[in-house]
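What follows is a set of structures to go through.
Presented sequentially are two complexes of chain A, the first with chain B as partner and the second with chain C.
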Partner chain A sequence: MLRYFLLSRAIRMLAVFFIIIILNFILPRAMPGNPASILANEYNLPPETVKILVSLWKLDRPLHEQFVAYIESLFTGQWGYSYKYYPRTVYELVMERLPWTLLLQGVTSITVPAFGMLMGILAGWRRGTKYDVAVTISAIIVYAIPYYWLALMFQYVFGYQLRIFPIAHALTPGASYSNFLEYVADVLWHLTLPVLVVTLTAYASYTLVTRNSMVDILEEDFMFVARAKGLPERTLMKHALRNALLPPLTMLAIRLGHIVGGAVITETVFSYPGVGYLIYESIMFKDYPVLNAAFFMLSITVIVANFAADLLYAVVDPRIRYVRRG
Partner chain B sequence: MSSVNVYSWQYKLREFWSVFRRDRAAIVGLVILAVIVFIAVFADYIAPYNPFARVGRPYEPPSPKHLLGTNDIGQDIFSELIYGARASLFIGFVAAVTATTLGTLVGVSAGYYGRVVDEILMRITDIWLSIPSLLFSIFLAAVIIRTGRLPMYYSVILAIALTSWPPVARLTRSATLSLKERPYIEATLALGASSRRIIFRHILPNIAPIILVEIVVRTGNAMLTEATLSFLGLGDPTVKSWGTILNFAMVKNAPILGLWWWFLPPGLMIAVTVMSVMMVGRGLEIYFNPRLRRY
Partner chain C sequence: MLWFRGRHIPIAIFIVILVLSLTLPYSDILVAQEAVLKIGMPDEIDSFNPFTSLFAAAGYVWGTLYDTLIYISANGTYIPWLAESYSIDERNLIITFKLRPNAYWHDGTPITAEDVEFTFNLVLASNYSDKLDKWGLRKYIEYVKAVDAKTVEFKLKEPYAPALFYIGAIIYPLPKHIWSKVDPLTFKNLENPVGSGPFKFAKYTSGVSIELVVNDKYYRGRPKIDKIVVVLYKSTDALMLDLMAGNIDAMTAVTVAPELVPTLLRDPNIRVVELTHSASLRWIGFNLDKYPFSIREFREAIAYTVDKQAIVNTVLLGYGYPAADGWIQPLFGGWYNPSVTYRKQNLTKAKEILDKLGFVDRDGDGIRETPNGTKLSFSILTISGRAEFERSAELIAGWLSKVGIEAKIEAQSLGTVDEREGRGNFDIGFMGMGMSRTTEIDYYIYERFHSLQAPPIGEYAGRNWFRYRNPEMDQLLEQQRRTLDPEKRREIVWKIQEIVARDLPALTLYMKTSLVAYRTDKYVGWIESEGPTSKLSVLSLSLKGPQVVTVVTQIIQTVPITQIREVTQVVGGTTMIMTQTQIVTGTVTTAPPGGIPTETVVAIVVLIVVLVAVAFLAMRRR
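Take a look at the complex of A and B:
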């Protein structure tokens, strides 16, 4: 059964992967103008050069040949040239930015669920108290707050009023580091505000789900019996947690895309040099090859992370392996 | 004692109100929403200035003349905010209705026709759901804008609608499935009713509450997405939405210049409006699904 579950998820992942590849091929080609003519306009290239580019990029070939060439280039990293940073290649640009995005996303993919679940556990454990009400209401408020607005507020408070955190970039510009630790410290210092913003605006759904599942479990008969037996609070908490944390864990997979989306917008506000900021730049400068590639890379990371979360869930909850379609 | 016609819409409305008004959060949401809709509709009479006109010096702080100061080119921010209500509500609502229609179409077809149709439609829905939706809508909006064939705010609406229909499809599909098993539908079928009649006469009216709640909740979400797209510079520059104002505030470094009156109010408006829409949606959900009522 576990094998069946893994297989079905793997097939879905491949299908999504395939759809994104197709979309990435069709959509840009459905638009007026081709990369060669746009580049020619932008940099006043002579017609001979344009002709060479057109044949080099196989833009004069029939669509199916273009598709084969596209698939080939996709896996060999030949994604064309950036309009804005010409003659730099799209591949170079995206790969240069990817580590920063992975760092920010990696950290927030842990802090968001951790913070959200913690709040939810505490609220559920003390259900019906003022604390519970306060957590629930603030979670609903937070849901409606746009990330980037909180980011602007944080820039104002911490960067303009208090001046304790840097409000842009991933490293201090022009800084030289005497040792590796100093470098790490600088990275973390710049990471603080973006991580805080994403965590504080994305945690809410985890809190609500965890709280509700906690409340449900605490009302189960086995919890009642456990309490009647006189088990200590610690043991009760352990019993409750083992069951109550499953629903928020499933959400981990569903909401990863949300966290990534949040990181993308946050990067823009903080000029954090990741793929998200690259997306913003390419929108501003109509740098479509870069936009396509950035969308492609980020989608792939989300899909792979989703798959990993699914696997984790199958390991944690044996029941999922017996459900044929989830 | 006079008899009451329980099928009349007056009775239904009264019954709805008697339940709905007990939900304090929903009432608060409804009042706030009503105020914002009023502002949006009568923006021309409420706003002190034309939001596109340069009516003051750049970066003026709040004063009696300009309640929330002016932006980088001397436009009145208070007036921008009032017109922003119109753009944000309109785009959010139209996008939500489009997405819900699309989702219902897919969901009801899948649920009603079953078998191969269901299999194909739900596979597509699942795959569509797995593509990170915010990224996808950013990508779509950018690509559609490039065609230049539609006014820019249409591309925002399309981008939101095309990425937010899958949850609606899932919901309406399962509702249709459970309705289809009911004896009265089977009886109607045995009497020789056409599929079209069953869908329009029996299924759609019965899932109307679900559709209504979805439209409300989707509107809240769509307003957030609209603000995000506009914030990234994908909005329509000829339309003032709250997201667009925030975009300009960011580009012009308002936070570091300490111009709080520029970026604080639009974000607050987005948050308050989305929250009120969500509270109304929640109230409707509780009304239509009595199991959610806890007294």
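Take a look at the complex of A and C:
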């Protein structure tokens, strides 16, 4: 059964993958505007330069030639040269930024669901108490705070007024480290504010979903029976948890799928060197090679994360079994 | 009881210990007592290859790494820089540069005429020329030749006034011994770029900073600061906060928002300066191939509806000035024709012109119609996300409605706007661009108003997208390029301004001045008239030493040409020329320690304690 499931899924993933590769080529080029003249406009470049850029980036070639070049660069050519950062290759640019994105997104992918789910579980477990009300209301309030604003306030208070955390960047600009531990400490020090702000603004959705699903489960008959049997609290909690955690786990799977996409706003506000801003820029400037590589990467992780979520479900929820249809 | 109770006390203690142990080695990370100048810059550096880099901000890093033959100061003076002197022959065809005898590349090799010849030959006569000649120089330059070790000669095909600018101030001579071994198009130049400037490349951390260390053997004398850290930002807010917190000393390639000025001025250690040599022009371009914008009088009527001063007062909070109608602005000094000013708002006059043209409101809906019955209803195309543009466009639309012209504002992405304007699919386009006195005047006018740059509607036009075609203008534009006598050339440029102001292919609106801020608590010697982060200013900076109690700072304001020259010649020497001195007494400022302050440790501990406490409280049984 499992083998059949894996095979069918793999075939489906492959099909999706090819459709994505083709769409990936068409969509950015369907947006209006020519990358060379956009850059020319932004940087005030003379028309002579625009002509050179068009030929340098091979934008004057017929579309099918561009497509072949695109496929080639995707699999062999380091994803091609970036337009804006020419002559740096897209691979280089992404690899410079990806570790930072993975760090930031990785840490927040733990802190956000962990904190959010913990609050939700506790609120659901004590449904109707003052604690539940406090958690729910504060979650709704925090959920409504614009990320950008909160980040700016934190930068102002902790970075400018109190000076205990850096205002921006992933490292102290111009610092030199005498050992690796210092480097790690500097990275963590710079990571604190972004993680704190992301956690505070993003945990609420996990809390609300977890709390509601917890409340639902606690009302189920099997919970009633379990309680009537006189099972200890700890066991009851275990029973409830296994069922209540399904919806937030789905949210987590979706989040993990976007992990390499970076967090554009976080990266912008804190000048964090991640891929999110690179993607944002490539949309602004129509940097096709970067756009293509970014969406290629993004779609692969989304597909893989979905696949992983499917498998995970089977582990978490015994009711889900892979059955051959028909 | 809860399922993990009791187990998490040791975990909490472990976390606290871990955090504490991580911060311990930090107490001794102190930036050594060297003069490190930190300059904030927006965005990422696009390339370390000077041939392929397009981004203006990256040019700032080039300016410290590489020297050009000529340096153009803020008032437009050409100062021989890497060249000791230059001369132009009487036929205006041969330009000769004499290089400095004591100039060396950062790796110790002497800078010779051969290097200059090699660099320019890459642009002019190599397999790469069609990709490297971004300025179309091959049309004008016949050859470049190293006459002897320190003399290099350029031969022009015909007199070409902007030649000195492009040869002298735009193209960075590169070391032949390095660049002859690589493909100049794809060479990343990232591993230790070898330059000729006052600072050497030390380290690049993507998205964080570029570190440059002093060039001890710099031919103009060793700069007094030891290191420059160019700090990269993605958000101007963070940059400004870092400036206020003292984490950076100055800023470049970005301006201070007018709203922030009062906040900055509250800090006695921050000075806010209005740059004298650069500002941004905003204008609206008319689609001249489209009726009724093809009628000069109609455009003039629109010009009379606009109150330029009002836009400056409301949108720019006063940090700007109304733009002269002739495109060239007072910023350009002698190039600006003082008799060309701007049309002040006169709604009665605008209405009169419209009436005379037969554009009257016949159906009584408040909007005028053309004689053939179409309504005077247009769109103003502007770029989305630029509040300044949108606000100004809204003001203009309001004034137009007062004279019976309906204008809707269409804010679209830069790509769409560029494409629509380029192909002539618009009515009125709102645009902006930076203008600098240090750039050759030809750069702003030739392609902007030449009919060769105005293809028919449907084909893409780069700069002359309003499609202005005037044989007299074409002739004047060509003529000013061929005239090297500054007086005669100025006359032609003045004439061009009169024609632009008369024909109004585009209506200039206002100049947004460039406000920059810098800190005065660590360094002295900022030259404000050149721009605090300009090469001349950075070269004159020195640390406020802790041992010095009384320091004399030089704040040079509106310095005549001769004195600027003197300043540059004595950089690295013993004396400084100053027009105004100011005594700063007292407070010794020590450099703030780097690394994590003790407060952070306390904060982290408090944070963890609070979190643990909250967790305990929350998990207590009902």
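We take it that the second predicted complex is superposed on the first by the 200 of 326 C-alpha atoms of A that agree within 3 Å, B and C clash if a C-alpha of one lies under 4 Å from a C-alpha of the other, contacts with A are read in each partner's own complex, and residues count from 1 in each chain.
The rule we apply is simple: a contact is a pair of C-beta atoms (placed from the backbone, for glycine too) under 8 Å apart; a residue touches a chain by one contact, two chains touch by 3 or more.
Given the structure is predicted, the values throughout are model-derived calculations rather than measurements.
Once the two complexes are overlaid on the shared chain, A:A185 sits against chain C while remaining clear of chain B. In the overlay built on the shared chain, the residue A:M284 is in contact with chain B and with chain C.
In the superposition on chain A, A:L298 makes contact with chain B only, while chain C stays out of contact range. Contacts of A:N306 after superposition on the shared chain: chain B is touched, whereas chain C is not. Contacts of A:K130 after superposition: neither chain B nor chain C is touched. When the two structures are aligned on the shared chain, A:I141 is found in touch with chain B, with no touch to chain C.
Chain A has more of its residues touched by C than by the other of chain B and chain C. By the document's definition of touching, of the two partners only chain C reaches A:A175; chain B does not. Of the two partner chains placed by superposition, only chain C is touched by A:P273; chain B is not.
Once the two complexes are overlaid on the shared chain, A:E96 sits against chain C while remaining clear of chain B. Looking at chain A, you'll find residues 31-32, 152, 155-156, 159-160, 167, 268-269, 284, 286 touch chain B in one structure and chain C in the other. Note for the complex: chain B touches chain A at residues 123, 126-128, 130-136, 138-140, 142-143, 146-148, 220, 224, 227-228, 231-234, 246, 249-250, 254-258, 260, 263-264, 266-267, 270-272, 274-275, 278. Against chain A, the residues of chain C that register as touching in their complex are 1-3, 22-23, 25-26, 29, 31, 36, 38, 44, 46-47, 49, 52, 54-56, 130-131, 133-136, 185-188, 190, 205-209, 211, 227, 229, 231-235, 237-239, 241-242, 244-245, 247, 413-416, 418-420, 422, 433-434, 443, 447, 453, 460, 462-463, 594-597, 599-600, 602-604, 615, 618-619, 622. Residues 31-34, 37-50, 52-53, 55-56, 81, 84-88, 96-97, 100, 118, 122, 126, 129, 131, 152, 155-156, 158-160, 162-175, 177-179, 181-182, 184-186, 188-189, 192, 233-234, 237-238, 267-274, 277, 284, 286 of chain A are the ones touching chain C in the complex.
If you check the complex, the residues on chain A that touch chain B are 12-13, 15-16, 19-20, 27-28, 30-32, 140-141, 143-146, 148-150, 152-153, 155-156, 159-161, 167, 257-258, 260-261, 264-265, 268-269, 279-280, 283-284, 286, 288, 291-292, 295, 298-299, 302-303, 306.
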